[in-house]
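First subunit A sits with subunit B, and in the next complex the same chain sits with subunit C.
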Partner chain A sequence: MGKNLIEVKGLKTYFYTKKGVIKAVDGVDFAIQSGKTLGIVGESGCGKSITSMSIMGLVPAPHGKIEGGEIFFEDRDLLKLSEEEMRKIRGNDISMIFQEPMTSLNPVFTIGDQITEVLILHQKLDKAQATKKAMDMLTLVGIARAEKIVKEYPHQLSGGMRQRVMIAMALSCMPKLLIADEPTTALDVTIQAQILELMNGLKERLDTAIMLITHDLGVIAEMADHVVVMYAGKVVEDASVEELFENPKHPYTLGLLNSKPNMSVEKDRLENIPGVVPNPIQLPEGCYFHPRCKYATDKCRQAQPELKEYTSGHKVSCFMVHKEV
Partner chain B sequence: MLKYICRRLLHMIPVVIIMSICIFGIMKMAPGDGVGYNLSPKATPEQKVAERKRLGYDRPVYEQYLRWVGRTVQGDLGDSSIYKQPVSRIIRPFIWNSFKLNVVCFLFSYLISIPLGIICAVKQYSKWDNFWSVFSTFGISMPGFFFALLLIYLFSVKIPLFPINGMQTPGLNASGMTAALDQLNHMVLPAIVIVIGGLAGLLRYTRTSMLEVIKQDYIRTARSKGLKEKVVIYKHAFRNALIPIITMIGFEIPALFSGFVILETIFLWPGIGKILMDAIYRRDYNLVMALNLFFATLTLLGNLLADIGYAAVDPRIKVE
Partner chain C sequence: MKIEIKKPTLSALQEDKEAVIGPWKMIWIRLRENKMALTGLIIMGVIIFISVFAPFLTPYDPYQYDFGITFQAPSMKHWLGTDEMGRDYLTRILYGGRISMQVGLFSVTVAIGLGALIGGISGYYGGWIDNILMRVGEVISSLPFMPFAITISAVLGARVKEEHKLYLIMIIIGTLSWPGLARLIRGQILSLREQEFMQAATALGISDRKKIVKHLLPNTYGYLIVNATLGMAGAIMSESALSFLGLGVAPPVPTWGNLILYARDMYTLMYRPWLWVPPGICIFLAVLSINLIGDALRDAVDPKSNR
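After this line comes the complex of A and B, so read on.
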């Protein structure tokens, strides 16, 4: 086992609203090693994106607040850094690409302006050097005619092209960690495959760790080394990608895997997980998943299971699983 | 770009013609004419008919209109029936006076309200934001004439800081800097009334526009690059928020040359507002038509400027 690049321990990010406190992220632990890809899976609203915003230090104030935990990045606790120090990490050591390539680029600046901005800021390049580097990055992400694209505006590019530009921008300072928040969700399937392949290739070349947030298990299978499954702000299962697909333990993970079409088995209907994601203000007592779980017992209704090691490197938070052991 | 501007300027010609027909028609439909002002009160009906004939008011309306157009195209705006002088000579100093006051107010309104609007949006619902919300409502609701009188009472009568009215100190025989400073001193009170009245709308406009932009995904992207909050707000967000504001500035251009009738009356500011009102009341056709033509053209030019400004700040808009 290599050294962890980033280690999140007991992260709690809460939102204070008029209706009550939303525990968007409620005690999340995971770690990513250099050059590896961690997939974070879960339904909408399970706290995936807020986890990434917490790492970036961009939880929207004043409603959102990090209430506890530690985020160690290269042995420094990011939560203890000043805004100034955090800014030096953002875009330089840790950078991010977002779900919506159509709206994630500023419409009034050229592609070149937007990429060189990071380079001038963090790498202290001058305008000419930065422009050259920006063109190199665009070529690296598979954009032909880079010298033309740097002068164009985002509205002149397609969605797939814009996501490539976002990736070029995010990787231009050779970050150690790239957070990709649903990077392919808004793209056509063929473009999705291209973008994923591109990210995988660049990861190898630049030795960047990737934290890949998605709800698409297909993407996880293709990209991730390790997977964290989140539900209602908590990690419910944490395993290597092979282990998770071969030996899923948590009923929620099982549900997610079963709701995925499988070409080799003939089935009329896809299975689904009954019920909906719980209201984050009024989470159920006991295990948050019990109202939707077909194996729920009285114990599940009363107490919350802990995330415990099931086998080496495979952690699950479910009473049923740990009883077996 | 140059081709586009030329084409737009050519397009303005028919619009100006149609507008002048409308204005001329409406003026002529109003009862009475300015003939009485040319004659003594004791003039006989025969003398009135003769005078009307001399001015050509007995001719059909279209003929009068065409004759007026013919003159105007040659650069002759005719004589004012009130002032018995060429219209061009009369309006120039009054428009200039209004313009001086308006430019000062225009600059201050924008210089104050845009930064305030941005800060209010960044600190939405803070004490600062709430204060300016209340202040805006106050500014909009306060009638200008009342506020003007209040300021005169407080800062000219009770505490004599500023002159009560007028545009320069009577008898002051100065020129250059001294004269300019004297005029500025006379401008303070009317400018405060106009700026506070106009501040509210502009401030709210900027605030709304900024709030809309700050929520956008590309602002999150800008922050994730590690940019300073100031750069995020004043470069990435403001440049986008500027788009609707530019349009508004374009529409404001004609207002620079027009007058505030009530405030000019209260402050005895010799501007164009009161001149136009008098001209309308007394059917001074040449004066009214000249001013209307001037404002119509300015409005169209303002629209053109707004469109050009629009294309300058928003690359998604092509003027061609």
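After this line comes the complex of A and C, so read on.
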């Protein structure tokens, strides 16, 4: 086992609203090593994006607040750094690809301006060097005619191109950790495959760790080395990708896997998980998942299960699983 | 069959380059199509030309008096006649244009600078900073402009040297006209800062100052330019009005405003029209052309206008 590049311990990010406290992230632990990909899966609204925002220090103030936990990045606790120190890390050591390529580029600057700005800021390159580097990066992410694209404005590019530009920008400073928040959701399937392949290629070349947030299990199977399944702000299952797909333990993970179409089994309807993610202000008593769980018992309604090791490297938080052992 | 792969030729590349139309070029293209704007640009061009090259266009000195030739009517030697001290009046008007345009430009620069900065800070940080800045702005904009400008000018004017009064006027006009713009910019920034590209900018480690100045304000350039042009017309008018009341730029420094001062004298008003009609026409043309340009710019900058 190598050393962890980033280690998140007991992260708690709460939002204070008029209606009450929303525990968007409630005690999340995970770690990523250099050159590995961690997949974070879950339904909409289960805290995936807020986890990444917390790492970047982008939790929207004043409503959102990190209430507890530690985020160790290269042995430094990111939560204890000053804004100034954090800014040096952002974009340089940790960078992020956003969900919406269509709106994540500033409409009034050319592509070249936007990529070079980061390079000039963090790598202290001069304008000419930065422009050359920007073109190299654009070529690297598979954009032909890079010398022309740098002079274009975002509205002149397609969604796939913009996402590539975002990736080029995120990777231009050779970050140690790349956070990709549903990088392919807004793209069509052929571009999706290209982008994922690109990210995989870059990971091997640059030894970047990737934190991949998605709700697409297909993407996870292809990309991730390790998977964390989140539900209502908590980690419910944490396993290597092979283990998770072969031997899923938490009923929620099972439900997610079952709701994917399968070519080898003939079915009329896809299975789904009944109900929706609970309202984060009024979370149910006991296990957050019990209202939607077909195995729920009285114990599940009263107490919250802990995330415990099931086999080595495979953690689950469910009473049913731990009873077996 | 042999497939030929075309290598991009230089001319093809140059043609390609033209396909990239930046926002500035787009505005220019739209502006060019507007006849009124062109008229405005031409008049403005002439005014700027004569203001800049005034010393080369006239053989006279605007301050050189000659009491032997006071109040002469226009002639071949003095195209617009002479004033009460025998100074060549055309020369006075040319130099007056310089000062008037300077006052316009400088006070607009002050107003735009303050407006953009205060609006930007206000919109970006929000909260109590926003509250304080906007309330200050409201106080300033609730004061009636002319009476207040006259009061400041009268109070401070007494302590300022005559030749520095010019700058006092610029600063008064500038500092009194930022609140409207600041409010406008604040509104824009409020909606812009929630855009994803701003989150992306934060994620790239860009500082607050840079985010406001380099990422947010450029998105409001359209408003700034339109405001600057229209504001300049207003500033020229304000300067004229203040000077006409004797509270602006003081003679002997000529401005279009204090040249019209002659119209206050009944006799001059009736019998020496060359002393007050030309500066009036100059002010009229300058303000008109700026307004034409400003209106056209507003249309050109607005992406929704179909004109």
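By definition in this document, the second predicted complex is superposed on the first by the 325 of 325 C-alpha atoms of A that agree within 3 Å, B and C clash if a C-alpha of one lies under 4 Å from a C-alpha of the other, contacts with A are read in each partner's own complex, and residues count from 1 in each chain.
Convention: a residue touches a chain if its C-beta (ideal position, glycine included) is under 8 Å from a C-beta of that chain, and two chains touch if they have at least 3 such contacts.
The structure displayed is predicted, hence computed values, not measured ones.
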| item | value |
| --- | --- |
| Partners on subunit A (subunit B, subunit C) - clash or fit | clash |
| Touching partner for A:T103 - first (subunit B), second (subunit C), both, neither | both |
| Touched partner set for A:L58, first subunit B, second subunit C, both or neither | both |
| Subunit B versus subunit C as contact partner of A:R90, first or second or both or neither | both |
| Subunit B versus subunit C as contact partner of A:K148, first or second or both or neither | second |
| Partner chain in contact with A:K19 - subunit B first, subunit C second, else both or neither | neither |
| Touched partner set for A:V118, first subunit B, second subunit C, both or neither | both |
| Clash-bearing segment of subunit C, relative to subunit B, as chosen among 25-33, 43-51, 61-69 or 79-87 | 25-33 |
| Residues of subunit A that lie at the interface with subunit B and also at the interface with subunit C | 56, 58, 87-92, 95-96, 98, 100, 103-110, 117-118, 121-122, 153, 166, 169 |
| Subunit A-facing residues of subunit B, complex | 216-218, 220-228, 236, 239-240, 313-316 |
| Residues on subunit C engaged by subunit A in the complex (per definition of touch) | 16-17, 20, 22-23, 127, 195-197, 199-207, 214-215, 218-219, 221 |
| Subunit C contact footprint on subunit A (complex, rising order) | 56, 58, 62, 86-92, 95-96, 98-100, 103-110, 117-118, 121-122, 148, 151-153, 156, 166, 169 |
| Subunit B-touching residues of subunit A, taken from the complex the two chains share | 56, 58, 87-92, 95-96, 98, 100, 103-110, 117-118, 121-122, 153, 155, 166, 169 |
